[in-house]
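By letter and in written order, the chains are A, B and C; residue numbering begins at 1 in each of them.
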Amino acid sequence: MDDIKQKLLSKSKQTTEDWRGKILCYACLSLIIVLIVSILYFIVNRGTATFTQDHLSLTQFLTGKQWNPGHHQVGALPMIVTSFLVTILAAILATPFAIGVAIFMTEYAPRKETKALRAVIELLVGIPSVVYGYIGLMVVVPLVRKLIGGTGFGILAGTLVLFVMILPTVISLTADSLKAIPVSYRQAALALGATKWQSIYKIVLRAALPGILTAIIFGMTRAFGEALAVQMVIGNAVLMPKGLGTPTATLTSQLTSQMGNTVLGTVSNNALWSLALVLLLMSLVFNLLIRVITRKGAIK
Amino acid sequence: MMEITEKYIKKIETPVALRTQDLAVYYGDKKAFAEGTIEFPQHQITALIGPSGCGKSTFLRSLNRMNDGIARVEGQILYHGLDINNDQINIYELRKHIGMVFQHPNPFYKSIRENITYALKYHGVKNQSVLDQKVEESLQAVALWDEVKDSLDKNGKQLSGGQQQRLCIARAIAMEPDILLLDEPTSGLDPVSTRKVEDTLQELKQKYTIIIVTHNMQQASRSSDYTAFFNLGQIVEFDETSQIFTAPHVQMTEDYVSGNFG
Amino acid sequence: MNPKKTSRIAKHVIYGSVGLLVILLLFLIGYILITGLPGMSWHFLTSVSQSFEAGGGIRDQIFNSVYILILTTLISFPIALGVGIYLAEYAKDNWFTSLLRTIIELLSSLPSIVVGLFGYLLFVIKFQIGFSIISGAITLTFFNLPLLTRSIEDAFRAVPLDQRQAGVALGISKWKTIMGIVFPCALPKILTGVILSAGRIFGEAAALIFTAGQSNSVINYANWNPFSPTSPLNIFRPAETLAVHIWKVNTESILPDAHQVSSGSAAVLIIVILIFNFGARWLGNVVYRKLTATDKER
């Protein structure tokens, strides 16, 4: 009897084992936390040097149209405008298309076809951005040249490439949000004599609105941050866009093509880091937007 | 609203395997079980019955400290003269002595053999012939050996529901526990499988003290020696099974076993 | 317009957009394969790339892509496993967990060029490692961690709770239950996640152009001493991957056969990624079946 008593009061190797496991997990956690903190620190630190070390004005950076950092002109407005333009235009093109496909997947298609479509979408997600850029260069740019003249490089080409790139993301997230709407909503509408389209348009799409918005913003996050594919078709001239077919530059394309040509610590280099900072801040904003929408949607 | 006005808890004269003293369980601020004082007789089957939500499963899970980290348990659980509801207790060692079988069969996604040997190896049994012998003995004990002896490498999840549950019992008794806790072990099984599990329990009580939570009153009446009736988070009556089902001391018990509520 | 008619039109529009999507995919893959495969030859796959004249191959680029992929997976898997296990098994519903989730989401929404520039700043400049395989692999780890963590967490969450109860009730520690009982059940899904993330790593270029670099040193494939500068295994040599090569050839090169080189490289890239994609499904299914033995009594 006392044997059992002693065993029950003994120290357990399991507790040590559990501790060791937990410590391993916490070590991994701290790595991720250190990582994000240092990313934020380094980019913010470098990105603000333009204003703190080189004493250039933030207003000039945000509203100026002349980008010539070698001569202390750091007007980033053309790039900011172009980045937003291609992002928004791509989202406008992708949204109806994505909603259509998502409705097909959740409302019309039999299970087998939905599965096949999911595979198609996964494949589209898997195609690397350089390949999109390459096809953009080979197919889209000549097409745009033929359609509206000019060089073919520019906002329209960038928009079309980004549209295809964000499409799979927007479709699959939209389909997820439609699927989350209970079947009873649809049945109720149909039972009241609504046509299938009425039930989809008036009930399902409305109820899924926060989810669809989130899907669009996810797509925009990706479009705004995409570098290489856009850089290959945008033309890379820091000029205010005058039309859909004139060469211009986005924040990412400018970073990609110029970072290697500048020396750390110079004004030209600092100005580029400021562009990176804008990118970082925008992805924070997109993230925040998604949070706000999800929270609002959840309350409803 | 029902209220518990009287209770009857029988004192056990035969050897006692486990005793609780004023056991209470809280989920956050909510009291899920209160004032449980009861003795479980050694090498007997005790059934815990009562309507759903009466706290019987909560009570059972407290007995081998499976509620740690989920609920707060107050009061004493006395086992071999030790209060095991205590921070000093090595709960892993405790669970080797007080085994548990769950409501839904949960064999590991491993071979039948490994289902039995995994925990044994973990606890330091290295000798292959000892392990083989354990596999055979414990499967024999639940009358599963003849059905699976030629396919010990088959995945445990491939067995039928009843076989899976008996495998889970075999897995628990391979640890040679003192006490076996079963939480509605037959609730998902068909009548034939249920019967087999009950027969197994009758065999097992020669060696183990068995405490079984059941929803099924026929099961309690035909396979247990003692029965405790739980209601509203308390133990209302505890007595020999024959007494409970024929002439209970408390009116509420009588109403329950005769099907007037629950 | 009457509702019935609208409903019919809507249906046609929806079917039309699905058709367009499928055509789009077929066009993309078809274009790459049709323009890329004819120029494909053993010579192309096994010779060194050229900077100024035609006839170069992509041997080193293929090796670099695979090598960086392996290193990145080796570095990111244990970290993602630790975080994934924490989130699935230990995390309580409190401010710390939600902070952690926010951080991971933030990391996954960062543009890869920003992550690449951070890697450039940290490894190439601060630590003075220079453009190198290891700078690239660690930078890709940053980019890979959030997604891999999520797929590992999901894989653990998909394992029924009762497996953990069974382990703990047998006196097995929680950690050993997680690693010995839950982890094997989660393995098929984890493998699928790892392979899918491998496809992403293989195709990534933006995070690599300023970390692993855009050029290659001379490599001698007979030299397997990882500390020798000419060894393919040396992690401190600059390394241009296949994806970076496509970008480089199309934007900055004066190769006479740039078109052919990039279409060939793109075809190789796409084929490898298709293999990853189908491989992930296939392997996931096979291991899943083996583990749960759903093919009852063959």
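Going forward, a residue touches a chain if its C-beta (ideal position, glycine included) is under 8 Å from a C-beta of that chain, and two chains touch if they have at least 3 such contacts.
In this text the structure is predicted, and so the values were computed from the model without any measurement.
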**Message:** By the document's touch definition, which label belongs to this structure's chain graph: line, ring, star, complete, or other?
**Reply:** complete
**Complete:** Counting contacting C-beta pairs, the top-scoring chain pair is A-C
**Item:** Chain centre separation (chain A, chain B; CA means) in Å
**Value:** 53
**Intercentroid distance (Cα basis), chain C paired with chain A, Å** = 17
**Asked** In whole angstrom, what separates the CA-based centres of chain B and chain C?
**Response** 49
**Request:** Two or more other chains in contact with one residue: find those residues in chain C.
**Result:** 171-173, 176
**Asked** Which parts of chain B, given as residue numbers and ranges, touch two or more other chains?
**Response** 92-94
**Fill in**
Where chain A touches two or more other chains simultaneously, the residues are 12, 14-15
**Message:** Looking at the complex, which residues from chain B come into contact with chain C?
**Reply:** 64, 66, 92-96, 99-100, 102, 104, 106-110, 118-119, 122-123, 154-155, 157-158, 168, 171-172, 175
**Request:** Spell out the residues on chain A that touch chain C in their complex, using ranges where they run on.
**Result:** 12-15, 17-18, 20-22, 24-29, 31-33, 35-36, 38-39, 42-43, 46, 96-97, 100-101, 103-104, 108-109, 117, 120, 122-124, 126-131, 133-135, 137-139, 164, 167, 171, 194-198, 200-201, 221, 224-228, 231-232, 252, 255-257, 259-260, 264, 273, 276, 279-280, 283-284, 286-287
**Fill in**
Seen from chain C, its contact residues with chain A in the complex are 3-4, 6-7, 10-11, 13-18, 20-22, 24-25, 28-29, 31-32, 35, 78-83, 85-86, 90, 100, 103-107, 109-115, 117-118, 120-122, 125, 142, 145, 149, 171-176, 178-179, 196, 199-200, 202-206, 209-210, 214, 243-244, 246-247, 250-251, 259, 262-263, 266, 269-270, 273-274, 276-277
**Asked** Residues of chain C touching chain B in their complex?
**Response** 160, 162-163, 165-173, 176, 180-181, 184-185, 291-293, 296-297
**Request:** Enumerate the contact residues on chain B facing chain A in the complex.
**Result:** 79-82, 84, 88-94, 97
